[in-house]
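Have a look at the structure that comes next, please.
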Amino acid sequence: MELKFVLESILFSAQQAMTSRQLREILVTAAEQSEDSTIKAFKKTPVDNIEAALEELGREHEQAQRSYRLTCVAGAWQFISQPDYAPWLKALVGHKSRPPRLSQPGLETLAIIAYRQPITRTEIEQVRGVSVDGVMQTLLERGLIEATGRAEVVGRPMNYGTTNAFLEYFGLKNLDDLPEAEELRRMPVEKPATLLTVDPGLATAPPELLAQAESPQSVDPALAEQIGLPIVAEDAPKEPNS
Amino acid sequence: MTDYKVKFEVFEGPLDLLLYLIKKEEVDIYEVNLTKLATQFIEYIEVMRMLDLDIAGEFLVMASALMYIKSRELLPVDQQVAVEGDDEGEDPRWELIRQLVEYKKFKDAAGRLHELEVNQENVYPRVPVPPDFSADQALADSGLSVFDLINAVNAILKRVAQQPEQRDIFEDQWTVSDKIESLVKLIAERPRLKFSELFAAASSRTEVIVTFLAILELIRLRQLTAVQDEPFGEIEITRAAPQTEPEPAPANTATPPAGEPAPAS
Amino acid sequence: MELKFVLESILFSAQQAMTSRQLREILVTAAEQSEDSTIKAFKKTPVDNIEAALEELGREHEQAQRSYRLTCVAGAWQFISQPDYAPWLKALVGHKSRPPRLSQPGLETLAIIAYRQPITRTEIEQVRGVSVDGVMQTLLERGLIEATGRAEVVGRPMNYGTTNAFLEYFGLKNLDDLPEAEELRRMPVEKPATLLTVDPGLATAPPELLAQAESPQSVDPALAEQIGLPIVAEDAPKEPNS
């Protein structure tokens, strides 16, 4: 019976991280409860030997390259799974996964709304050159944008703007705090008297609209990054995670 | 006294008794002398009767069957053949041996099941605590995003970069786990620290990064909490609520007597 | 990301043994909650692949010869400790609560049912040579056996078979995992070519002596001991095989 395997078996079944001293207590308890000389032999194991065995175990499990490791944090040893497998473990424990991070169209649309609010759906579509119905729906559901009133144009369409949740989501103090705000605000979106300025046959916005802006294509990922929009979304605003 | 009785506990039935007798003779079941076996069996039944034991009906049935086999053996061989007939299945000797062989197999199988049963008593399934993803929320709970922290670290890195090149030799002296340990000690002494203070002594880019990773790990493990009293104010690090600390107090109650010999490991 | 390691990580963190179907559900749930293509890729993993990966994992852990291994009991996979380390785990988590061990008649009856199922009560009694009423009752109550239908013979008696609880109690993967399964299942005992000729001997006890069940007064247990009978003192036993 090798000390390291005895320790391994204890740590593998333990409900919490254990220090070498706690492990030693288990060795002592087992020795006292048993008549077996093999088990009694571990009673007087010095803490130093336990620590050396733990280090060796840690290295072995590191080298084994499995889905879990034996780690030591602040002197306490514990088997933990590798972070790569978190998505499945969340599914296992029924952890309500956070809403998935915003999609690229979502981020672009949000950026347009943030910098040009209040803005109508049609105006957003002018910039993006594509329909934004689905994306708007998602942003509304996640509480990042809201209807702010009606635009004083033909048909009186809804105006949209960002919410406080939006500020929280991106850790912003206020809208002025948006990075490079000046530049983006200059991006022209005409407030047309007539609603149809986009050629319905075109899949993308007329180039001249965008050419005037500093950004080449609508809002590309690089820009989103530049303005500090996190690529990985943190938690959803409205839903305090359980 | 009629309530005092002796009971055959060990024999499960007549077959069990027969196997016992065969084992005593140290012969194979197929080679057993059935006449002798019958004699011994009946002797046992006699003793049981003398002891006023409850003799299960099965024992008496078996005794009769053995008596029959025995009586047939007494006949001349030519008459035996006539009695046996053509159907070999009706040979009572074979029938008994078949039964004994089969019963023996299951008795042995029962023994192996018992071994498995005992073995299972010593098997402990791993019952881990469910993975706790609420720790991921530690940052969110504090109203801070990881970007706030990165931002703060960035500022510190810039400051370090502005310092004249110095002590590059010591670049690699820190590991994340070293830092974790020193932070745990520090936070034990001073429950509330300014984020920037933790980096005050940092002399290299590596050390800043290592310190930062250590803080993140401790926040994830719920050892530390990051708080910010006002937006964009100074971030402070405090000890987390104690209930989830992985190292409970009893750890210190162990008293390892020094200098004791180690067991062979 | 290898399937087997994903499965391993789930089993490593699971609170109980899991079947390949349950594992598959976790893969599906994780895929639905994630935007990551790596995680989504496991959504349609066939159960067959999962089972093959589990078998491989089981072999790997067997070969690793550590203090624990991955087992499959009644179709469900779980990490368990090796029995050698029981003394320390006892010290760690305390005694396991387990139903009392089975009696010898219980084990024998269970063995017959396990290897010969489906089997009727009469067939069991033919093998054991004694009544099994009480024993069957106990086994049924403990959920180790169950009625599986009716046999197509005169009187249509009940057939019995073992349950999943039986497999779990003995730590068996399935019925093929029973010790010497092939040999004991449905195998008729072969009649040898020649039966040994038995020497005619003298009858010691005429049959009529046995037929009349007239017993003398109770006898000194010392007599029984003298002739080598194992005896147990007890008050008024009704059922020798309970």
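For the reader, a short list of remarks on this structure follows.
Should a chain be cited, it is by its letter among A, B and C, assigned in written order, with residues numbered from 1 in that chain.
Here is the rule we use: contacts are C-beta pairs under 8 Å (C-beta built on N, C-alpha and C of every residue); 3 or more make two chains touch, one makes a residue touch a chain.
Model, not experiment: these values are computed from the prediction.
Closest to the protein's overall CA centre, chain by chain, comes B.
Taking each chain's centre as the mean of its C-alpha atoms, the one that lies farthest from the centre of chain B is A.
Between the interfaces B-C and A-B, more contacting C-beta pairs are found at B-C. Centre to centre, using the average C-alpha position, chain A and chain C are separated by 48 Å. Our note on geometry: chain B versus chain C, Cα centroid distance of 18 Å, whole angstroms. Here the CA centre of chain A is 37 Å from the CA centre of chain B.
Those residues of chain C in touch with two or more other chains are numbered 12-14, 68, 79, 81-82, 84-85, 89, 93. Touching two or more other chains at once are residues 124, 126-128, 130-131 of chain B. Taken in their complex, chain A has these residues touching chain C: 1, 5-6, 8-10, 12-14, 26-27, 29-30, 33-34, 36, 39, 64, 66-68, 79, 81-82, 84-85, 87-93, 97, 100-101, 103.
Chain B contributes residues 124, 126-131, 133-134, 137, 139-140, 144-148, 177, 180-181, 184, 217, 221, 223, 231-232, 246-248, 250-252, 254, 256-258, 260-265 to its touches with chain A in the complex.
Against chain B, the residues of chain C that register as touching in their complex are 12-17, 68, 78-86, 89, 93, 96, 98, 101-102, 104-105, 107-108, 110-112, 114-115, 126-131, 169-172, 178-180, 183-184, 189, 191-192, 195-196, 198-201, 203-207, 210-211, 213, 215-219, 221, 223-224, 227, 229-238, 240-241.
Interface residues of chain B, counted against chain C in their complex, comprise 1-10, 12-16, 30-36, 39, 42-52, 54-56, 58, 60, 62-64, 67-68, 70-71, 73-74, 88, 91, 93-94, 97-99, 101-103, 105-107, 109-114, 116-128, 130-131.
For chain A in complex with chain B, the residues that touch the partner chain are 2-4, 12-13, 15-17, 19, 21-22, 24-25, 41-47, 49, 53, 72-76, 78-79, 81, 86, 89-90, 92-93, 95, 171, 173, 228, 230, 234-235, 241-242.
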